[in-house]
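This report refers to the structure that appears directly beneath it.
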Amino acid sequence: MEIFNRVESEVRSYCRSWPTVFKSAQGSHVTDESGRTFLDFFAGAGSLNYGHNDPRIKQKLLDYLAGDSIVHSLDAHTVAKREFLRTFQEVVLAPRSLDYKIQFPGPTGTNAVEAALKLARKYTGRETVVSFTNAFHGMTLGALAVTGNSVKRGGAGIPLNHVHTMPYDNYLDGRTPDFLLFERMLADSGSGLDRPAAAIVETVQGEGGLNPASADWLRGLADLCRRHDMLLIVDDIQMGCGRTGPFFSFEESGITPDIVCLSKSLSGYGLPFALTLFRPELDVWEPGEHNGTFRGFNPAFVTATAALEYWTDDELEKETRVKGERVRGALAEIAAEHGGELRGRGLAQGIAFSDTGLAGRACAAAFERGLLMETSGPEDEVAKLLPPLTITDTDLATGLEILRESVAAAREPQPA
Amino acid sequence: MEIFNRVESEVRSYCRSWPTVFKSAQGSHVTDESGRTFLDFFAGAGSLNYGHNDPRIKQKLLDYLAGDSIVHSLDAHTVAKREFLRTFQEVVLAPRSLDYKIQFPGPTGTNAVEAALKLARKYTGRETVVSFTNAFHGMTLGALAVTGNSVKRGGAGIPLNHVHTMPYDNYLDGRTPDFLLFERMLADSGSGLDRPAAAIVETVQGEGGLNPASADWLRGLADLCRRHDMLLIVDDIQMGCGRTGPFFSFEESGITPDIVCLSKSLSGYGLPFALTLFRPELDVWEPGEHNGTFRGFNPAFVTATAALEYWTDDELEKETRVKGERVRGALAEIAAEHGGELRGRGLAQGIAFSDTGLAGRACAAAFERGLLMETSGPEDEVAKLLPPLTITDTDLATGLEILRESVAAAREPQPA
Amino acid sequence: MEIFNRVESEVRSYCRSWPTVFKSAQGSHVTDESGRTFLDFFAGAGSLNYGHNDPRIKQKLLDYLAGDSIVHSLDAHTVAKREFLRTFQEVVLAPRSLDYKIQFPGPTGTNAVEAALKLARKYTGRETVVSFTNAFHGMTLGALAVTGNSVKRGGAGIPLNHVHTMPYDNYLDGRTPDFLLFERMLADSGSGLDRPAAAIVETVQGEGGLNPASADWLRGLADLCRRHDMLLIVDDIQMGCGRTGPFFSFEESGITPDIVCLSKSLSGYGLPFALTLFRPELDVWEPGEHNGTFRGFNPAFVTATAALEYWTDDELEKETRVKGERVRGALAEIAAEHGGELRGRGLAQGIAFSDTGLAGRACAAAFERGLLMETSGPEDEVAKLLPPLTITDTDLATGLEILRESVAAAREPQPA
Amino acid sequence: MEIFNRVESEVRSYCRSWPTVFKSAQGSHVTDESGRTFLDFFAGAGSLNYGHNDPRIKQKLLDYLAGDSIVHSLDAHTVAKREFLRTFQEVVLAPRSLDYKIQFPGPTGTNAVEAALKLARKYTGRETVVSFTNAFHGMTLGALAVTGNSVKRGGAGIPLNHVHTMPYDNYLDGRTPDFLLFERMLADSGSGLDRPAAAIVETVQGEGGLNPASADWLRGLADLCRRHDMLLIVDDIQMGCGRTGPFFSFEESGITPDIVCLSKSLSGYGLPFALTLFRPELDVWEPGEHNGTFRGFNPAFVTATAALEYWTDDELEKETRVKGERVRGALAEIAAEHGGELRGRGLAQGIAFSDTGLAGRACAAAFERGLLMETSGPEDEVAKLLPPLTITDTDLATGLEILRESVAAAREPQPA
């Protein structure tokens, strides 16, 4: 592993928690070069909702590549792109009565967010975007400005402006009515809040600590945006593609965002891919006004199209709910024994420990026991579970048991 | 093609010039679904320097995927990443005596630029970055601020600040000594130019009109940056990976940038991939201070490693120079016949026509004749040639002949 | 009056409410060129706390000017400046145990605020300043950024950044604990609130609608700033110099701000004059780092020194409290009869009417009846009383009676 | 003098060069409290063009104050304001065929500049303002952003944006054609220069080093602004009111700015006063959109009106030119003897020494010899002469002789 330390930048992060070299993977398991296999409750930070190297998707990808099909096309028309557009329209949008234009903003989540923010500002002619406490939207400057984490923000090296941060759901522990401040500031022409172009929100804040917004709160936000003529952007990059159950995490609340950002599990196979969706009347882009070299990465069109077969019925959604209940039960037991607050929804759940170091120690103990998982939250105080949605019941049970042991072990007295 | 028009955003661009649907590709040729084959002088806007679906790289990729190797790993250690680091170090950095740390900033060029700008600002504690007229560095807000194109800038919806734009080489047609203004403003504490963190530059401005900087000018810039304690960032995203001859386009000038951005042809196969390289003492990142979901896309490590075999000797560089001369000769003939200024270097060349519409019409005529190429420059006044570096002499000659015919045809009187 | 309409900019404002031409003034009365005399409940928007043309101050000013004393001195030493510094130190600072350095930042309130903000940012090395809803701090860009009023903000023509607006005392009608959000965002490293340099606050928001902060709230704010190592700036431009009773309006709360801004009534005679006061350890200015042509306007030193005689005992403070009670009683009667919420403190009081147009109509009716007063608040919904502190009991009673009549008259049905 | 050091902020500046306490003044002479009289070649940094305590203006001021006339009126109509408007219109605007609306933006130069910038941005809907190297426009954030001096800029504590700095006349020593870069960047849609709202310029840069713009350059700038639909703002705060000869310093060039800022000598007596003038069609202000407590300081209306008697014929202008020639001759002799470059125009002249410390030492030597003068320029390398325009020939000769001696004395070897 010497070359990583010598040649790669200090910015590397996950490798510090997992001191091994991974080689192969299948489903919910990852194997390192020594042959040791780990159970994966991390799933590429939510990028591998269908597990590693799903055989059906894999075959489609191999066939595509073997046939010398187009790999890279910018935004030229390709057969693979047409197939993706058709399938996404039929499988995802139409059944949900969502009338969205589709933009390929570049292959990563932060591209999707940047495109959303640019479009919202261009369309409304306004500059301020409302973000929420503990939001995470990406690392490029536009997305970083609407991200809460102070370490990430500090990396910008310049002030991050044109944003007003409002409290997320339950941020003040129920001690104030939802949107009280937000509504008041919008209604008051002396509030100092310049009229916002949009609000950008995650339905569950993954990086921010698995904070879930209730359906009521989301409906309240959508209503507020509508009444005040602001656009509502849902960043569904981590929580979309079924992570909380339905394809879009906002479906449960019944809202229809003006703009939606998707990425991570969208390609279904870990390939870089992202979308920005928006109501047709927002499509005020000039041709080429936003572009990007890898906005037409055809292998991702292919795997994403294949992955959408998971969504031709509601099996996966149902299973995710059931597994989510199981996770909740197991976490509740851990919390009962060791303290901690349950967080999240569906298969994005975790425990926030008041001993903020405990989550990190538990993850280290889990790694030793063959389970991959990460922390989240501003103080890394949340042990975060993101198993593949396709995990077997046995694997899920095994992982939860390892977690239970790991938390117990991590609570042992630590050397000074 | 109806679904593209109906479902995809108006932001799409190349597809408007090429009204067909592409299906497969091999080397310098692209075939549409009707079976028509085009000669490719576009090469994915410089992302396919080794042509489409290079057989050797393809086999490596297929083997890797077929073996259920790790696809997505964020910044965990993987076998494929180690192999890439080792090879890049041995084949690229060591022979050129370049001592760079390597950051995987996310899979696209704009990620690489954002990371470079953030690091330069963090390291120096300064905010202003000097950019150059007609620069193009990307579409996310940090990269867009150092980009000159007014249409792209207008898409931001907020003012783009913390940047001072200086004239690029030959911007003022030799009517003023190089760096006269830049030096004067740096030396003068009353100039209003806040001390810059860095200058960011392309050695040849691809999108900006194939404007080449001379080796002298680049050396002058590097010297100026050194004397004034500013970092020099070379954005080698389009011109690197051999586009102008050597692996790094700045090699001819003998300069050693503090930070280098690579992407586009880096993966060698059209897969999203990017690097930010920097001198070790600049590596002041906190772990995770900059991150990104697809910064560990292992198939790209694999193809990039395979592509580096092109660089184990100097054959490709020599060939590129020879082909570049051939292109120059053909373009000179066209310019002699139809007017226009020769632009670019190596296999990034073109003609700027004073009839600004001519380049666009010539590209349309070329498409009709089976040749894919694009325009560049602030008024799309440049017919831009980016053939694969691996193009055969015959194909190159064919394409240049088609171009000649197309320019001639495009000069015919146009219907009103 | 034709020349005003023809030659002066449309930006003029008060003259639209008072369609006459004023000529002379004495104490609480202003006389127009037709000889009509008005009772003044406006007092130069709080700039004439000691009434118009106070005879004692006037004599000092005339003597000074008649003797060819220095008028304009920038920041050179003058006899008049020394006398002011000595007197301000002895009469104002020392008795209150306030250890402040004194800066002459230019002659107006907005200069004082700009200097305060610059110093707070320079001293802390941070950029964000926390402002409060409905704050008013001035019209130059730094001060305007911390001002809430949307019309004023809109005049900037550029986005106003580096500021986060928090709810002022009672902004949410007691439906949330004081500083709940502020404390939470400061404690939470993921809140998106970059660590602030300072908070800037008015103890009573004059332009914002005569909103008073309670002593408890101010103490809470001072405590919060101390605990979080933020500077507390009190803008006492309108409420200082005795407007609420004591010389500094924050005295009642017992807090000691880090920085204080004074202007308006400071010269005691309507002459442009302003101060920025700060704790000695904050005095990190380089010589000349902030300057201004009229920062040494000696006639203002002279009148300000003379005006401080009002503060050699506590008579004025006591009287102001008594008169304030009288005003409160009269306003309570009006509110009882016509509805409305009492606002303000001391001799800065008013009524906010829920019929937002009523305050404006009442002021117009008062003008017709010989009383000058203005509205405030984001919707001009507050009838605002700022009589001279030196007003006689009879004049105060007369004015309050005119106000009562004017409100009644203004409630009459209006012509369509 | 102990109290100044103890109580006043370290930001004080001039008093460090002139270690005495001034008491009275008359015409071109200032007397300190010990009775020592100094000849004044500083004139309040250009605020006392008619000398100290001009007897005729003084009498008008004393009469006004003695009569209990209105002192402070915000923007209500007053007799004194009407008289000023009428006189300014008749004496200044009409004879020069200038059709300007008049705004009272607050009493200082920086207020006038802030109002100008706000109006230009509001009117055009654009954000960027072009400023010039070594410009000085004021200390509030809007004006500071268009100011070049790095020490002043550093005081802001936040980045100063929305500005692009272009080279002032002769900035590059004639090595490049005027406006070459400016024109090119405006014409080139890829230049990165967002379309500017306005350019702001001084005809002679007082603080920046007495750099004069030629009439040709000013005409070129006005023409460029007109062709590119940008507003031209002339900041005539230091060079207006006759400092270079004519009332407006731009008259010689024949240009008509869109917006003009006046202050300093406008009141004629050292009273804070400023104007922003603009073409009537630019008057898009909402009532009260820009305001300020001391925008109606009537004693300044009175003295300014009285001062305009100097402009009812062309005597003063002629005299200033003659005196300017005399100054130039004397400075040429000094430059011939001691080296140095002549700078400035009219009665704003000086010498830039290549030994940058010499100007400061010469000013110190001059003070010892009874002459007050200051340095300017980014390195304080310019000995700057701003005598009152009304100075007698004898006093002018005396001062120039003292200057000659002082420079000679300051060139003596300095102790290490």
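Miscellaneous remarks
Every chain is named by a letter (A, B, C and D) in the order it is written, and numbering of its residues begins at 1.
Keep this in mind: a residue touches a chain if its C-beta (ideal position, glycine included) is under 8 Å from a C-beta of that chain, and two chains touch if they have at least 3 such contacts.
In this text the structure is predicted, and so the values were computed from the model without any measurement.
When each chain is reduced to the average of its Cα atoms, C sits farthest from chain B. Chain pair with the larger contact count among C-D and B-C is C-D, by C-beta pairs in contact. Centre-to-centre, using mean CA coordinates, chain B is 49 Å away from chain D.
Mean C-alpha position of chain C lies 30 Å from that of chain D. Between the Cα centres of chain B and chain C there is a gap of 58 Å. Touching of two or more other chains is recorded for residues 127, 151, 158-159, 162 of chain C. Interface of chain B with chain C (complex): residues 158-159. Across the complex, chain A is touched by residues 127-128, 131-135, 146-151, 153, 159-165, 167, 171-172, 175-177, 180-181, 184-185, 188-195, 208-209, 377-379 of chain C. Within the complex formed with chain B, the residues of chain A that make contact are 1, 3-4, 7-16, 18, 20-26, 30, 33, 44-45, 47-48, 52-53, 58, 61-62, 65-79, 81-82, 85-86, 89, 101-104, 106-111, 114-115, 117-118, 120-122, 125, 127, 138-143, 145, 151-152, 154-158, 162, 197, 237, 263-264, 269-272, 276, 278, 283-294, 297, 299.
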